[in-house]
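Dumping the structure here so I can ask a few things about it.
Chain nomenclature is as follows: A, B, C and D, assigned in order of appearance, with residue numbering initiated at 1 for each chain independently.
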Amino acid sequence: MESHATESLLRWIVLVPLLAAAVGGLLNRRLPKQVAGLLACGAVGVSFALSVTVFLRLTRMPAAERFVSDTMGTWIGFGNLQIDLGFTMDPLSGVMALVVTGVGFLIHIYSLGYMAHDEGFGRFFAYMNLFIFAMMTLVLGENMLMLFVGWEGVGLCSYLLIAFWFNDEANAAAGKKAFIVNRIGDFGFLLGIFLIGTTLLPHLAEGEGLFSFRTLQHHAGIMAPVATAICLLLFLGATGKSAQIPLYIWLPDAMAGPTPVSALIHAATMVTAGVYMVARMNFLFVLSPTAMGVVAAVGVVTAIFAATIALTQNDIKKVLAYSTVSQLGYMMLACGVGAFGIAIFHVMTHAFFKALLFLGSGSVIHAMSNEKDMRVMGGLKKKLPITFWTFLIGTLALAGIFPFAGFFSKDEILWKTFSSELGGVLPWALGFLAAGLTAFYMMRLVVLTFFGENRASAEVKSHIHESPATMTMPLVILAVLSLVGGWIGWPHFMGGGAWFEQWLAPVFSSGHGAAAHGAAVHGAAAGEAVHDTMMEWILAGASLAWGLIGLGVGYFVYMKKISIATSLRNLGGGVPYKILLNKYYVDEAYEGTFIRPGYLLSKNVLWKIVDAGLIDGLLVNGSALVVAITGSVLRLFQNGMVRFYAWSFTIGVTVFVLYLSFSG
Amino acid sequence: MNELIVPNLSSQWGALLPYLIVAVGGLLVMVVDSFVRTLKKDHLSYLTMFILICVVIVQIVGRRTDGDLLGGMMITGDFTRFFNYLFAGIGVMTTIFATGLYDREGRYRPEFYPLLLFSILGMMILVAANDLLTIFLGLETMSLATYILVGGVRGNIRSSEAGFKYLILGGFSSAFLLMGMALIYGFAGGTGFADIAHAMKTQNPDVLIVGLGSALMLVGFGFKVAMVPFHMWTPDVYDGAPTYVTGFMATAIKAAAFAILVRFVILMQPQLAFAWYPVLVALTILTMSFGNLVALAQSNIKRMLAWSSVAHAGYLLLGVVTLISPSVGGSDMMMRSQEIGESAGAAILFYLVGYALMNLAAFGIINVMNHKSGEDAVDINRYAGLSRRQPLAAATLGIALLSLAGIPPFVGFMAKFYLFSAVVRAGLIPLAVIGVINSLISVYYYLRVLVVMYMKEPEDTSYHGTELVSVVTSGVLALLVIWLGVMPDAFHRAALVIFRQIHF
Amino acid sequence: MEITLTHYLLLAMTVFLTGMVGFVVRRNAIVMLMCVELMLSSVNIVFAAYSRFHANADGHVFVLMNFAVAAAEAAIGLAILVEIFRRRRTVNVDDLKALME
Amino acid sequence: MSLITDHILTWVTFLPLLGSVLLWTIVRRDSHARIFALVVALADFVLSLHLWFHFDSSRGDDQFVEKVAWLFNGQISYHMGMDGISLVLVMLTTFLGPLVILSTWKAITDRVPEFMAFLLFLQAAMLGTFFARDMLLFYVFWEVMLIPMYFIIGMWGGQRRIYAAVKFFIFTMVGSVFMLVGILYLYFQAGSMNLFDFLEVALGHEAQLWLFAAFFLAFAIKVPVFPLHTWLPDAHVEAPTAGSVVLAAVLLKMGIYGMLRFAMPLFPDGVAFFAPAISILAVIGIIYGALVAMVQPDVKKLVAYSSVSHLGFVVLGLFSLTPLGVAGGIFTMIAHGLSTGALFLLVGVIYERRHTRQISEFGGLAHEMPVFATFFMITTLASVGLPGMAGFIGEFMILFGTFGSETLAHAKLMTILATTGVVLGAIYMLWMYQRVFFGKLANEKNKGLPDLSLREIAVLLPIVIFMFWLGVRPGLILDKVEASVATVLAPLNGGPILTDDPGHHALRAEPEPGQDHPVFIVRDTENQ
């Protein structure tokens, strides 16, 4: 059996990083740095190699049967609830696996240089490996619960890595915030799982894994009546992980972690988990136009919302973080309009160029002695040539300039938005606007960082140097990928084959089949049968031009006429600028409405008044006190006087006698 | 039944022997005391114990000639033997405790021993009474001896005061008891139980005479068992009496009084159960609650145990109430009701024994505790850290108190279990609930002593006791408390058999 | 007027109540002891009357025993009272307050 | 050997008691006492392994049954038995036993033999409670348990130990005395104290309600269910580490166990009537416990309130009346036993070093004690129910079971509210962790604190291993309890109930016409 061999490889894709993490974590400082680094990179490398192997095997299979699985036995088995401990790979998870392990591998290599002087070197790589393990569990998990294990696992690693430099209270707080905000999302996700499970459980055949994706897909029709609820709940989870409104707030703070972490987790891989999950559950989402609408709306609003914030940020990583939020919005938008394949395509290209940008920024920060504020940078073009050029490529890719990777995916998203019946002109216009803003703020970032004069102190200036090869090499590779990575999705209208979309088609087409089966809605993506090639050309051209304009304006404003920026800043009395700089005061709003009142309520009302006062004070100690006081009062009868005792005796007798005479 | 039957004494010697032994033994001790003049009087204690042990031996090996004695004045059987064993046992323990104290203080009360024996004799007679006159004689013999035991510590005003209070109120209550007896005699035309039972069956009981008579008698017994509101002597007397006497009173007198109370209510039950029942229920509830509530407020361990004995009297009265509850007395469910009655009766017997064991263990320890001034060790706070100074004494007292609180695996729990199960069985669930609430309240004050002993550090003023014999004796009692708490069945079955005998 | 059992009983009750009231209102310990004696005597009246009424000796026997017991009780009471008087120089029972809560 | 295996339950239960007695009487040296107690506890664990390996998971009835007449001509008997539910709780108890003793090695220096004796005594009582199949026997073990715990808190506890100990004792007594009356009532209905005879008694509707209330009160206090929980924080804070561990890990489970074993199968009408109210209390407990835990300044108190929250989940699962929810509850009991036990051990470690538990006293401990921080982190994550660890499985099953419950009113809403507890759990635990371990090492007193010793690691490691093991292989527990859960729930669904006859399932006799027969009434949900 050919597929059998592949099956058992699957588990090792996941387990090898785990083993490496365990070894690295347990031995920690006893391991020399070289060995620790080698172990960690090697593990991810092996994982990548295995992923490639399995992926190649998939490519050799007939398109409809591209599916391999590896079951390690029952995980939770109770009654008719059957949940397996297993992994599967189909075209979708195959792509994700390659991206995660591939980019992950590069970032590991990069980290060797970046973290070389950190005392927590071993710990760092253990966490990173653990992250790869969790992410691969998420991607390859056979069922929703396995996905959830990975889902929480990556959240944990994110927490650990954000708080990696826990010496600073702010880092630790950011890590905690990330975990907790994600947990709020998980709240929805869990409920979604429950709803799926309860709906499906009575209809299950013997031995069918309840949450297995295959089962879900097979029985999607049963869930049609509650599809909207399920999808919205699941999407709540996705907004947490993929940093969408309203749960995006953790991602900018997460930049407190080491930069490779930002690149790997908070740009390339983990944050796309929400998109992946939505794509994975496409067969359910297509059953509910409402849910799709919500996804699209949240996506596009997030895209434009985050882009506006990115305009004003001064921290180089914050800009990239908001850019990530914005790009994730695009991905969600794509999902929402039914273009799941394109969403994943953008996940991939975004992974390349955003990882590149983050690593590039890391290189800059490294060179600037851990300075992150762009206002004191500038003029690094000469001093960090490799970083500069690769960064520029990343910027162009992000701005959607042909023929860089970003162009293909972003353009497709906008086109699908425009043409899909779930989309329309308004979402397209918003997305289009955000694309221009993206180009603008990225150019601002490049200009402030690399052009002009260096504004840093002399002390810092003297230390500026290009990063070592372990750091630049991944930059170069990612730059190449940012350039050519998009070509596999070369669209039809430009004479390509949209090979990427086709590769994923089996995963998503079955969803449409289920949709037809469930007779819920007309499959969204399937709807666009007619290609309006002309329109596509026009839109593509427009967005390219728009991107170029954005870049140009950005260059012009920050390079030539800085006064424009200043006057923009003072527009409307500086209020809009202030709002944007403070990120629309969303954090403060949450703090004011939920966190602070919640804390005060718990402390002053629940604990002090209800618990200590009411229950313990009044009911418990109060009743004890009443009893004790009664005792003390009754005690007073015992006054030592014989005659009083005799009185009591006599009264007793009298009552006794009277009772008898009256009752008789 | 008025014809004079010359009692055939020769056939009754066997049954009378225990009584004679105690009576003659008491006199013997007095004589020995007068003639053998030594400074150290501990031979008296050995003699007393020997006499009491003789009672036990005679009862074990002697012929069982059960039935009426002395022309129906007394009746003997397993029932009386059971109590005689109990009294003898309590007597031995009390002798040990008392002697221990004398040894330590170097001050003897030679009159203690004969008085103890006479008091026990009174109890034995009381339990065996089959005639109002015998009741009276037994009760007074017991009481008179006890008055002196309580009040006879020379130079101790607290003892005198306690003795006087006990005596004056005891006399007062005796008057009511006697008046009750007189009225019942008037109704029945005889003082024998048989006469009364016969009259109850044949004549229409006049409520005023019989009801008043039995009510007054109940008051008299109520005084002895410390039923509220006739209980008020209890704390003062328990407090003022020497500790070993307090232990004796709390166990032996309570047992004797309950024995006769049980027999009395059974005798009067068929016609009067309904008339008495509500009052008795009310007084039972009052007794339990009053005892426990006031015990909460005590800082004097003897007073606390006194109030606790009031509360325990309440629990025992619960058994008595069950015994005469309408569902038992004279109802049509005879088969079932007899079972319930028996279970209540057996529970009372078991309770009395269990109560005696745990209370003696407690008083045994309290008795040996002392401090420089030679006063009784009554201040609970000065038991601080006893577990460090004397782990055995602390453990014994601790077990006794936990048992009194009704915590398993001690006998106190099993006693309560038997009792409450009889109560529930009779359908008196509200009473059972009140009972358990009460035992809940009681936990608090018993625990307080444990807190002091085990969880506070000893101080200079803390009590200390050195009498090894007493402590070990109490320890043995504590072991019995555990043993009967774990393996109560054999004993309970015996109690059941014994109780059937008096259920005439 | 024929003297019936009822009259004896009423007499006895009167005496008994006198003793009882005296007991609870007087403070002198000796008087209280005497009141108890009074109550016991009233019981004797009842016993004697009933004994006569029933024409058997049970009641008389009781009366005899009662005398003995009452005497013993009074003796013990006085003995203890003497002890108390020696220490306190009073026989007022209201002064007996060494034992109280 | 058969001498032991024939009476294995007796041996498992009373071996610690024997050890306890010997500690009171013979083994009086501190160092000897420690080793002796450890050996006894280990031996007990080894004995209990026999149960684990010889247990037949396919059967839901009692196994290893021992029955000897005790009182009332055998109406009340020494009746021990063990089904899957008892088994897993017993294993938890015996597993933690030696670890707890080992954890006290340095912490307890005063009156060591007594302490060890009380610990072993406590273990015996707890095991007996899990084995007892006679109500009186159960009650005896249940009450006896109070004594050693009372002394452990009161003698070796903190500042307010006496208040806490007495409160613990009285609080528990409050519930159990009413249960005693209920037991007695049932006894006379059934004619025996045998649990299986109780199950066959046909009780009237109203009687069931009263009896259920009496039983539930007793168990709810022990769990504790909101608002009966206020003894728990006090007891936990004041108890010595070992006491807290046993209290949290096993003692609280008694309440759940009692509900599951007695209150629920015996009184189906009572369950039906009270389940909505109880589930509301459970949900309040979950949220309330979490919120109050969040604001605690004392680590131990925080963990104590977290127990309130966690056990709210368990109660909710139980009263979902679904096998899934109940099994999830059982699983959570074990998981909570491990994680909270470990948390208390960890708090004990830091308390031994610093003699304070105030969160504000710490900060940045991860610098000084990385191994400790790691263990604490793992335990924290286990406590917040991270998937892949034990806590998650239980919570998932409970919530899933409750969500799908058809009998519980407003099951969906309850689940949604309860699930917020998952979020809140992460908040208070991680916040605490952050404040204790992260940030700069500001407090001078925390400088140079020694990291975990080998002994401490030896105590914690087995627990941590099981946290992961059970997270990945929950079947270890679930397989054992599945059949038993079905058996226990059967009376609630009108299914076959188990008789005294070992290994023999008997259908409940058909009710006679007109006879008031306890039938589980399915409460109409809102749209019916």
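Going forward, a contact is a pair of C-beta atoms (placed from the backbone, for glycine too) under 8 Å apart; a residue touches a chain by one contact, two chains touch by 3 or more.
Keep in mind it's a predicted model, so treat the numbers as computed, not measured.
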Q) Based on the averaged CA atom positions, which chain is farthest from chain C? A) A
Q. Which chain wins if you rank chains by how close their C-alpha centre is to the centre of all protein C-alpha atoms?
A. D
Q) With respect to inter-chain C-beta contacts, which pair, A-B or B-C, contains the greater number? A) B-C
Q.
Roughly how far is chain A from chain B, centre to centre by C-alpha average, rounded to an integer in Å?
A. 79
Q. How far is the middle of chain C from the middle of chain D, if each middle is the mean of its Cα atoms, in Å?
A. 65
**Q.** Separation of mean Cα positions, chain C and chain B [Å, integer]
**A.** 26
Q. Using CA atom averages as chain centres, what separation in Å is found between chain B and chain D?
A. 43
Q: Give the residues of chain D that touch two or more other chains, as numbers and ranges in rising order.
A: 170
Q. Which chain A residues touch at least two other chains?
A. 624, 635, 638, 640, 642, 646
Q: Mind pulling the residue numbers of chain C that touch at least two other chains?
A: 20, 23, 32, 93, 96, 98-101
(Q) For this structure, enumerate the chain pairs that meet the touch criterion. (A) A-B, A-C, A-D, B-C, B-D
Q: Quick one: which bits of chain A touch chain B in the complex? Just the residue numbers, please.
A: 624, 627-628, 630-632, 634-635, 637-638, 640, 642, 644-646, 648-649, 651-653, 655-657, 659-661, 663-664
Q. Which residues, counting only chain A, touch chain D once they are in their complex?
A. 28, 74-79, 81, 85, 145, 148-149, 151-153, 156, 159, 163, 166-169, 171-173, 175-176, 179-180, 183-184, 186-187, 190-191, 193-195, 197-198, 201, 598-599, 601-603, 606-607, 610-611, 615-616, 619-620, 624
(Q) Touching residues of chain A toward chain C in the complex: what are they? (A) 635-636, 638-643, 646-647, 650
Q.
Considering only the defined contacts, which chain B positions touch chain D in the complex?
A. 388, 402, 407-409, 413, 417, 420-421, 424-425, 429, 432-433, 436-437, 439-440, 443-444, 447-448, 450-451, 454-456, 488-489, 492
**Q.** Touching residues on chain C, where the partner in the complex is chain B
**A.** 9, 12, 16, 19-20, 23, 29, 32-33, 36, 39-40, 42-43, 46-47, 49-50, 53-54, 56, 58-59, 61-62, 65-66, 69, 72-73, 76-77, 80-81, 83-84, 87-88, 93, 96, 98-101
